[in-house]
Structure formats: structure tokens, C-alpha cells
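Below are two complexes that have chain A in common, paired first with chain B and then with chain C.
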Partner chain A sequence: MFRFILRRLLQMVLAFFGTTLIVYALMFAGQGDPIQALAGERPVTAAQRAYLTEKYHLDATGVGGFFYRYLNYLGGLLRGDLGQSLTGRQIGDILAAAWPVTVKLALIALAVTVLFGVTAGVLAAIRRSGVFDHATLVLTLLVLGIPTIVLAPLAQYFLGVRWPIFPPTAGAQPSFRALLLPGIVLGSLSLATALRLTRTSVTENLRADYVRTARSKGLVRRRIVGVHVLRNSLIPVVTFLGVELGNLMSGAIITEGVFNIPGVGFNLFRGIRTEDGPLVVGIVSVLVVVYLLSNLVVDVLYAVLDPRIRYE
Partner chain B sequence: MRVRRLAAWAALPLAVTLGLTACGSGGGSGGASDPDAAVRIEIAEPQHLVPTNTNETSGSQVLSALFSPLVDYDEANKPHEVAAESVTSSDNKVWTIKLKPGYTFHNGEQVTADNYLDAWNYGAYAPNGQNSSYFFEKIAGYQDLQGEKPKAETLSGLTKVDDLTFTVTLTEPYVDFKTMLGYTAFYPLPKAAFSAPGVLAEGYEQAPIGQGPFKMKGSWQHDAKVEVERYDAFPGQQPKVGGVEFRIYQQPTAAYADVLSDNLDVIKTIPTENLSTAATDLGDRFQQSPASSLQVLAFPTFQKEFSKPEVRKAISMAIDRDEITKSIFKDSQQPARSFVSPVVAGYRENTIGTAGAFDPAKAKAMYEAAGGPKKIELSYNGDGGHKDWIDATCNQLKANLGVECVGNAEPKFADLLTKLKQKQSVGLFRMGWVMDYPSMENYLGPLYSTNGSSNYYGYSNPEFDKLLAEGARAASADEAVKKYQAAEDLLAQDLPVIPLRYGQNNFGHSTKVKNVHVDLFDRVDLLKIERA
Partner chain C sequence: MSDFETVAATEDQSARRGVSGEPGTPDRAGRPGRSRSLAGDAWRDLRRNPVFWLSLLLVLLVAAMAVAPGLFTANDPRDCVLSRQHAGPSGGAIFGYDFQGCDTFARAVYGARASLLVGAFSAVITGVIALVVGMLAGFFGGWVDAVLSRVIDIVLGIPLLLAAIVLLKRVSTSGETVRLFAVILVLALLGWTTAARVVRSSVITAREQDYVAAARMLGAGDGRIMWRHILPNALAPAIVVLTIALGSFIAAEATLSFLGIGLKAPTISWGIDIDAGRVHMRESATPLIVPSVFLALTVLAFIMLGDAVRDAFDPKLR
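On to the complex of A and B.
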């Protein structure tokens, strides 16, 4: 087990540098005129252009220029310096400010998913073809059908403005209550998927031989479902949640925008919009680490859930 | 029993989150009845908070609280002295600026002529890379501060006379120089802003020290807010509120939702998608005021098919401006038929004459006679919400001229400009202009003079350049306006761009404030705003 984790961690280092190379190359290839992008529609003076070009080595183009700038970036990275964004802010500072709030938001969304998705999925599976099952089927289809870009403003308008149950926006240092609504909105999509997954998996396992055996031994139904079935049914759900944690952090661009949360999604959006290469590479690299780590946790959880799985 | 245990297990992350967020919850806003409490105004994340480096509205809104300008503009947009005692010149070339005594920076320093000289020299010095350095290009010696290794470090045109007086010598007489002084770039900087002569202290930008009616409260919290509080030693007109919290929003729709529920006091620009309901949502708290922006459709006049003025005129006549401003913009903008905005002195209505009158039949005949292209492309930046009106314009051109017309979205305005600089074919393209200071020259010079900084259409008319130069050298403002108007008449004949719409500030405020005014620069007037 220990060797397995160590090997995975070492692979992670490789994957991390590989990603920075790919993302840096993509940003480099897609780069138009970042100086003008930053200025928007205002004219850029020659002096200002010369200043920024020199400061960020924007005149280094072509393959040679790419490796010059990438190695420059990498050198800074190894010294723990993520570089400066085009507005002159330290990218390390931007990330340090953005990550905590996004992590909070993603954890709330994940909690909502687990709490409601898994529970309702189990209930729907036990009472298959009952009223609850059908109701959740319709509801989840509905939620899956509404994109966040519609759901988020609707939730904000009805639950924030019309009936002020929640604050309409969260801001930079939000309270738990302010983050709850965006968390629910963000989690609702994965909630629906988690519910469907749990339901199918539990339904399947309820018909398994070991359940019949357990029942004929006279075990209480609660124990059969709660321990035997659930444990065996959670593997697909945990796989899904592991990947989803990364998705929730990187995919909150719309939710963070609607509820004014200056997190990772917003900064990623801003970085892409202003062609801020170093900012995008910094954010994406950290996101890759999050994905890799959550997948490692999922793999370890497999062994916990199913003793037959062993890592050497 | 088991299910309950499961629920408990599932609640664990929730509990962890609760613990995490508990430390993050801040205090609520101040009491509504307290007139000295802060008002909350929406801005976007400023790019910079150094006067000579700030050229977007969010940054200049914050700086307008921290600094007091030399001149400000009255109702008719003529300049009057604020921090200056007088701004005078006998020949429009050598200007004498006398400062009012008694102004102090927020750190206690007396404001002297040196503070202005230091700030302007810093702004003009090219290696400092200041965004607004071009504002100093009319001052003598500016050229010596340009390039990678400038010849000089200070502008030769700036001379200190005594502690409260200095003179500015321009390379050429310029009648509107006093008007320029109201811009953000001309604020002074305290000695404390510099770590060495000509070197801005690190961290100054995080908590700028100014000489204005408000001082910083804490420092700039990026992506969150900038807070300022009243500076009691300010000798000028005192504000009626105790402070301002400039709250940073990424999307105006979020700010709008906050204004609706009194979580935010002022939104400066109501998003287009909310405009149709704003009047019912906010009642008389939804307000409009003139803005300086002008939206146009520009022709790449360097391309053969658009080189004939008749073709350009026919296209202009085939567009129903009134209909588009009404149905697409819900009257949040006004139809435009001149090259300068109504907010500047010298504006005349309908200078493009018949080219601005919607007349499909005549337009089609003229277009065919001039041999206009069968296919028209309208290019725009896809990130600015322009698709609707571009499509509507295209439909009108299709119907009225019998041509094929497609809208072409470039991801960003920068991409459009890149293509234009390489003289690639983009068809007609949209442009917007916001003035730097209220003068006709600011609408004409940068956009249409041969070497203008934003002349992307390849328009060049020596006669026009000559009139502009004469206007700048004119002895009085009235004479200058006459020259500028003659120059505008030339544009009306040539029509390098079609004026379409004048902008308006469409702003709203909460029930907690009153007397909200948004000026021509899209800034809330912080001296007038009051708590309700």
C-alpha cells in the first residue's frame, strides 16, 4: 500500500510538469495580443507596449521563444515563484486568495451531493417503482436538463431577491450561509448523477446472491442494506465523487460569477479572457494536482470498501 | 439505525466545512440610519491605483475619492478650479498653475508644486510604463523621456516658481490644456509615494495616499473591496457620507441582484438583460444620465470596395438607428448622427445630414449606382454583448440594400485590432469611443487624424489634419471650436465611420442612499451622495 502511494506521488510530479508544458504551449499557441486584450478597447501607446513586451518577454516568439519563456517560467516555479500576472500582481497571491473560498464552495457542494444524492439514491432503490422513486427520477431529469447558467440566476432571483432566504451574493469572505445557496446550485448537478448512480448500483446489489443468503440467515433488513449492500454499491459512486471534486473546483466559473465569489473559476476565466498565460498555467497546474490527489484518495478508498482489492 | 449512521458519516464533510467557514464570516454592514456610515458602490477590479497608470473607470472611481483634481467640470462641462487657485495662460503655450493653500496629503504632508512635478515626471518617463503617459505628450521635453534609455528624467516644460506655483510649457499652444487637467493622470503624488527620486515605493499602490476628501481604510483587497473613509482635514467641500466601500464585482448581474435586495447601494451600469425590468424593479431609483461614449460602425477605407464615400453613405442611410436603439437597447442609448457626443462644447445635432436619415429606397439606388459590394461582413468582439444589434443591423442591410450580410464575431476586441493592423479583410467593424476629457478635439484627433492612435480605418485627409492643428493652436476656445466644427464637416462628407449611438449611464441605487449622480466618466459623484 505504502509503495503504491509513493509510486503514485512520483507519477504526480511527472504529470504536473507535463501539464504545465502542455498548457503553456496551448496558451502560447493561442496567444494573440495580450497587451491589447488587457487594455480592452482603449488604445495602447507605443511606450506602454514596449514596456510590457520587455517585462513579459512577449517578443520571444517561435519555437525558440517558446522554450525560452517556458524554461524561464519553470525556473521561477522551481524557486516557488509562480510569476506575475499582466496587471503586475503576484500569481501566488492571486491563487492564495482564490483557493480557500473555492475549496469551501466545492466542499459544501460535495456535502450536498453526498447527503442528499446518496441518501435519496438508497431510498429510491429500496422502494423501487414506488412514488419516491418516480418522483426523484423526474426531479433528477429536470435538474440534469437545466444548465447551471440558467439554474444559478433563477436560484439567486427567487431565493435571494424575491424571498430573501439567502444573501443574493457571497463576496470574497463569505459566511457559511452566503455560500450555501451557491453550494447547493453547484452541487445539484452532481447530486442528480450521484442519485442515479447509487440507485442503480443498490438495486443491482439487492438482487445479488449474498443478499439472498443474508436474508435467509434472518438478518435485519436495515443491516443488509446499511452494511452489505451499501458498502458494495459505493464503489461507482466514490469513483464519480472523486472526479467530481476536481470538476466542482474548476467548473464553478458560472456559479462563482453569478454569486460574485472571486475563486478559482473566476480567475481562470479572467486569465483566459486577458490571455494571461502564466495565470492560466498556474491555476490549471494546481487543478491537476487536485485531480490527481482526489483520484489517489478514490483508489485508496476502493481497498477500504472492497477488501478483495489489494495494491502492491 | 444503520441509515442514520450513514447520514452521520455523510454529514462529516459538512461539519468540517462549517468549521472552516465559521472563521470567515465577517461583520454585517452598518446601521441604516447613521448618516456617517459608508455607502457601498459597485466597481470592477481596478487594474492599477496609481494616477498616471489608471485609465479605466473602476480605478479612476477609487482615485476620485482619494484625490482632488486641479479642475473639475460644471454642468456645461466647462472646467473650473478645484485644487488649483487659478490656471492661466496668455498665449496658451506657457500655463501658470497656482495651487490653493491648505491642502494636505493623508499622511500629513503639505501639498506643494513639487508633488505635481514629481507625479507628472514619473508618469511621462517611458521606462515606468505608465498607461496614461500620453497625456503628457503636449508638454515640452516629453520626447526626451521616451525610448528605452531616455535622454532626460524630468520634463523640461515643468518649472517650479514657488511652493504653490508652477508653470507648464507646451511644445505648441493648446487651448484645451486646462480642460485636460481634470483627468486622473494629473493628480499629485506625495513624497511618501517615492522610495527614491523617480522610483515609486513598493506597496504604494496597495494603499494610495492622496489629497482628496477620502483616505484609505486599510489596503486594497484584491477582487473583494477597497474601503475609504472621510479625511477630516480636507479643506475643500466635505462629502456627506462617512466613507465608501467600493465593492468589487465580476459580473454586473450579481451587483444588480444585490442592489435589489439593498445589499449594495449603487450600481453604475445596469446590465442590458435587466434594463427592461429595471424601471419596475427600482422605480425612481433607476436613473439615467448622459455619458460620453459614442458607438460607430467603421469602414476599412483602405479596402477598394469601401473606398467610395457614396457606398458608405448608402449603408448609413439603410440603417434605421431609431428602431435599433428602441427595440434592442430599450432606449438605454440614444441614436447618434454626429461625430462628437452632445456632452462636449461645440456639439451640433445631425452633422451627417442626409446620411443619417433612414431612406431605404434612396439608399438602394445610391448603393447600386456606386457599385457597392454584394456581400457585407460586420465584425465585432463577441465578448461585449454586441451580437444582437449587429444581427439587427445586418437584417436591415439585407432587406434595404438587397445584399448578403453576415455578422462575424472575433473573440475579443484585441483580435479584431490585430486583424485590422495586418490589413486583413474584416468588412465593416464596430468601434466605441469614450472621451478622456470634454473637448471636441478628443473625439476627432485620436480617431480620424492621419497618425491618430485609434485610426484603424486608414482614413487620411490632409485638410482635416490641418484644421485640427489650427484648432489646437487657436487663441480662444470659441475659435478652436469653429475649426473643429469645420473638421467635423469634412468627416460628414467622407464618412469614414457611421455614427450610430450615444451612450447613457443607466444606474440604480438602493433605498438606503439618495442624491446619486453618475458623471460623464462613469463615476459616482462622491461629494453629492447621501444616506437616505
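On to the complex of A and C.
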């Protein structure tokens, strides 16, 4: 177990260097004019140019110059210094303000997933091939097939504007009520996957020998399903939800952009729209690290939850 | 299904596994009279599946729109007059006009072309990469497999949307065609991993079959065995995965265009139109709803088609 975690950590370090190198190289290196790329489709004054050249050591050329700048950027990243956005704000400050909102949204989405996805999955598995089972299968296929860029604006229009059940957008300090609809939209995708996963895994476990044993001991059905089957069936679901938490953090770009929620995804959305290069690179670097970390945690969790799984 | 039938099906299946030759070559080796090929079984299943026909119909409809949009609407999607802003249905424009005064329906019809181009080309490139990588990794095993599998792991670990944002920022000022190919390349470069894994596992299964050993004994080289004997067996599962991938590529293209980093005007794309319609949804919702429905139905059609074909080809589900 220890050796596995160690190896996995080493792999992650490699992946971290690889990804940041790619992100950095693509954003800033090998272009005709990095300063122009940094500023986007806007004119750059001579004073700005001189300032940026000195700040980013752009006068050093060649491979040595590139790696010098990359290591500089990496050093800043490791110290938590992400630099400034084009508007002059510290990217670290922007992210610090945005994280709590994104985490709140992701948790609501996760709660929706667990509450509806797992419950409906268990019900569908118990009444396999029933009306409920078929209905949920069709519904999950629909949800999986409809992209977020369709689901989010349509939910906003129908449930926020046409029939105002939810507030259509969230403000600077979003309340729980304002985050509810975006949370449901964000969670619906993982809800569909969680439902299918639960259904398959419960169906498989219902056929297991220990269920027959429990039944022959005279246990009531409620207890067999609620305690024996559920506990064993939830292992793949829990690991899936772990991966999803990482996905929800980075996948909230569209949802946060549409519902105007000032989280991390919204800032990335705005950075793309306003051609704010440093902001985009800063946020993407952090999100990649979050993604890598959540994958690591899930891999370890997998081994802890299911003793049958052995690495090595 | 009665027990007898289940048993018969299993027997049929194991018999098939024993003698299966290359698809396409007539197989006369002592098969019982009634048995069918895997593809024949799958086709028999598919023929009775309404989901298959419905999704196939939708896919063909969208393909027709992409090839000949003029058949579906007489209006020019780029003929925009501001005086018609948010005007109701009239003169062939059955869903009225959008904020810029363009025909909403005509734009949705013409938007099919960009989506299908991106989806189809990305799927083809993905398929080629996946077949080459999966074949090499599965056939040679050993260190080749180890290296290629790690590469797959790394690419699989890159979040698609974030990577596409970074990659596509490099072509922010290029022309229409360059952009289209940039989107295709980016999606293909990030999306081949699942298909490669599928190919790899089916190659590993096929490699151990008797007919491969027979071919080797007859003196066939690695290249010939891979091309003539293993590839045809690895192709069917790969095509199913690619059909589903095609749907998700279309969704990804629309998402990138929606964010403003994929395709850009004057290219007509559902993602761009959804974004534009979203801004003015309080005044008129049809310019938002029409491209949304087109996009959702197209993506759904490809995913359902892939799902139906996979179910038909997967004997475990019968």
C-alpha cells in the first residue's frame, strides 16, 4: 500500500511537470510576439512592452531562455504566487475569493447526485425491468446526451425566467437558493452516471451468495438491501463520486458562466472572454493540480474501501 | 428468454468463438446449420430495435442537412436585416428571426455542417490514432505496451475542456478554415484514448486465437497478421466507441464555440447561436431554443445509435 502511494505520487509529480510545461509552452513560447499574445487582440504601448520584457525576462532567447522563464513560472506556482491578471489583480486573491463559492456549488451538485442518483439506482435495481427501471434508463440516456450548454441556458430560461421558481442568476454573494438550480444542472450529469453505476452494482450484488445466506437466515428484505447489499454496492459509486468532485470543480465553467456565479469557473470564463492570458494560465494550472490530486485520492480510496483490490 | 434458449445461445456463442475466421471470408468449417455470424445476430437484434431506427433516421437527417442545407430552407442564413429583429415567423422563416434579424431556422439548418465536419473528422483521426496505438500496444506487448499505456494514462488524465482552451488560444486570430481544422485536431488529439484502450484489449484477445497461430505457422509476418487477421476483429468494437465519441465531439465543439474559443463567426455553429440566443432570452427565447434542440437531438442520436449497436454486439447483454 505504502509503495503504491509512493509510486502514484512520483507519477503525479511527473504528470504535474509535464502538464505545466505543456500549458506554459503553448501559452507563451514559440510565438511571434509573446507580449502581443499576452495582451490578446489589443495594442501594446512601448512602455508596457519594455516593462513586460523586463518582468518576464523576455530578452533571454533560445532554449535556455525558455526554460529559465518556465522555471521562474513554476517557482512562482509552487510558492502560491500566480502573478497578476491583465486587470492588475493578484490571481491568487481572485482564486481565494472564488474557491468557497465553487466548493459550495460542487457540494450541492454532489448532494443532488447522491440523494437522487443513488436512491433511484437502488430502486431501479430492485424492480429491474419494471416501469420505473425503464423510465430511469431512458431519462439517464437523455441527460447524458444533452450537453451542458443546452441544459444550463434552457433550465435558466424555463425555471428562472418563464416560470420564476428559482432566481435566474446569482449575485456577488450567492445565497443557497440561488445556487440550487445551478447545482441541480451541474449535478444532473453525474447523477445519470451514478444512477447507472448503482443500478448495475446493486443488481450484481443481489445475486451474490451472501444475499441468499442472509435471506435464509430469515432477515427482512429491507435489511438485506439496506445494509448488506448497499454497503457492497456503493464502493464503485463512492470512487466515482471522488473523481466527479474533481470534475465538478473544473467542469463548472459553463454552469457558473451561465448563471453568473462568481466562482473559479466563472473567472476562467471571463478570462477567456476578455483574452486575459495570465488569468487563464493561472487558473488552468491550479485546476490541473486539483484534478491530479483528486485522481490520486480516488485511487488510494479505491484500495482502502475494497480490500480485494491489491496494487503490487 | 427460456432456459433452453439461453443454453442454446451460450453454446452457439462458444462454437462461434472456436471456429470464427476472418469476417468476410466464407466460413465452411463444420458449423451447425442454423448458426449465424456475430454480425448477423447483431443485425437481427438491431432490426427490431426502434431506438436504432429512430437514431439512424435522425443521423441521416442531420447528415442531409450538412450536405444540402438548401433542401430544408430557402432562406440565406447570412441574410440578416436589423429591422426584422426578433420578428415572428414569416416568409419561410418558420421560427422567426433572431437578435441580428437572421432567420433562426435557416441558421440552425446551416449549423449542421460545421458540427458534422468537426465530429466526423475528429472521429476519423481519433480512429486512426487509436487503431495504430492500440494495435502496437496490444500486439507487441512488453515494453511497447508499457510505454504506450503510460502515454494513454497521461493523455486520459488531461481534462479535455481545459486543455482545449489552452491549445485553441494559439489560433485566436486565424481564418475560418484554419480554425475548423484546429478544433478538429485538438479534439482528436485529446479524445483518442478510450478508443485506443478498446482496440488494445480486443487485439490482445484476437492475438491468442488459433487462426493467428495458424497464420504464423503458414509463415505470415507481423504486418500481415496485424493487417489481415487481427484488424478486422478489432474494428467492430472500435467503430461502436467512435460513434459515441462522434456525438461527444459535436457536443465539445459546440461547448468550445459557446465559450468563444472554438469556431467563430462568420462560421455558423450551434454553439455560437446558443450563446447569442442566451443573452437575449428575455426578449425572445426561440433563437435560444431552436439551436439547442438541434444540438441536443444530434448528440443524442449519435449516442443512442452507438448504444444500440454496442448492445447488439455484446453477447453478455442478450
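By our rule, the second predicted complex is superposed on the first by the 203 of 312 C-alpha atoms of A that agree within 3 Å, B and C clash if a C-alpha of one lies under 4 Å from a C-alpha of the other, contacts with A are read in each partner's own complex, and residues count from 1 in each chain.
The criterion applied here is as follows: a contact is a pair of C-beta atoms (placed from the backbone, for glycine too) under 8 Å apart; a residue touches a chain by one contact, two chains touch by 3 or more.
Values in this document were obtained by computation on a predicted structure and should not be read as measured data.
> Touching A:Val264, do we find chain B (first), chain C (second), both, or neither?
Neither partner.
> Touch check for A:Leu248: first (chain B), second (chain C), both, or neither?
So A:Leu248 meets neither chain B nor chain C here.
> Is A:Ala172 contacted by the first partner chain B, the second partner chain C, both or neither?
The first partner, chain B, only.
> Kindly classify A:Val161 by the partners it touches after superposition: chain B alone (first), chain C alone (second), both, or neither?
Touch status of A:Val161: both partners.
> First (chain B), second (chain C), both or neither: which does A:Ile184 touch?
Touch status of A:Ile184: no partner.
> Between chain B and chain C, whom does A:Ile146 touch in the aligned arrangement: first, second, both, or neither?
second
> I want to verify the contact counts: of chain B and chain C, which reaches more residues of chain A?
The partner making contact with more of chain A's residues is B.
> When the two structures are overlaid on chain A, which partner does A:Ala15 contact: first (chain B), second (chain C), both, or neither?
Once the two structures are laid over each other on A, A:Ala15 reaches chain C alone.
> For A:Thr87, using the defined touch cut-off, is the partner it touches chain B, chain C, both, or neither? Pick first, second, both or neither.
first
> Once the structures are superposed on A, label A:Leu197 by its partner contacts, choosing first (chain B), second (chain C), both or neither.
The answer is neither, since A:Leu197 touches no partner chain.
> Can you list the residues of chain A that touch chain B in one structure and chain C in the other?
40-41, 153, 156-157, 161, 257-258, 273, 275
> Could you please specify the touching residues of chain A with respect to chain B in the complex?
32-34, 36-43, 45, 47-48, 50-52, 54-55, 87-89, 93-94, 97-98, 100-101, 103-104, 107-108, 110-111, 114-115, 118-119, 122, 153, 156-157, 160-161, 164, 167-169, 171-176, 179, 222-223, 225-227, 230, 256-260, 262, 266-267, 270, 273, 275
> Which bits of chain B are touching chain A when the two form their complex?
So the residues of chain B touching chain A come out as 1-3, 5-7, 10-11, 13-14, 16-18, 20-22, 24-26, 47-48, 55-56, 126-131, 133-134, 146, 148, 221-225, 247-251, 253-255, 257-258, 260-261, 263, 381, 383, 412-415, 417-418, 431-432, 446, 453-454.
> State the interface residues of chain C toward chain A in the complex, per the touch definition above.
154, 157-159, 161-162, 165-167, 169-170, 172-173, 247, 251, 254-255, 258-261, 271, 274-275, 277-278, 281-282, 285, 288-289, 292, 295-296, 299-300, 303-304, 307
> For chain A, which residues are in contact with chain C within the complex?
Counting only chain A, the residues touching chain C are 15, 18-19, 22-23, 26-27, 31, 40-41, 141-142, 144-150, 153-154, 156-157, 161-162, 247, 250-251, 253-254, 257-258, 268-269, 272-273, 275, 277, 280-281, 284, 287-288, 291-292, 295.
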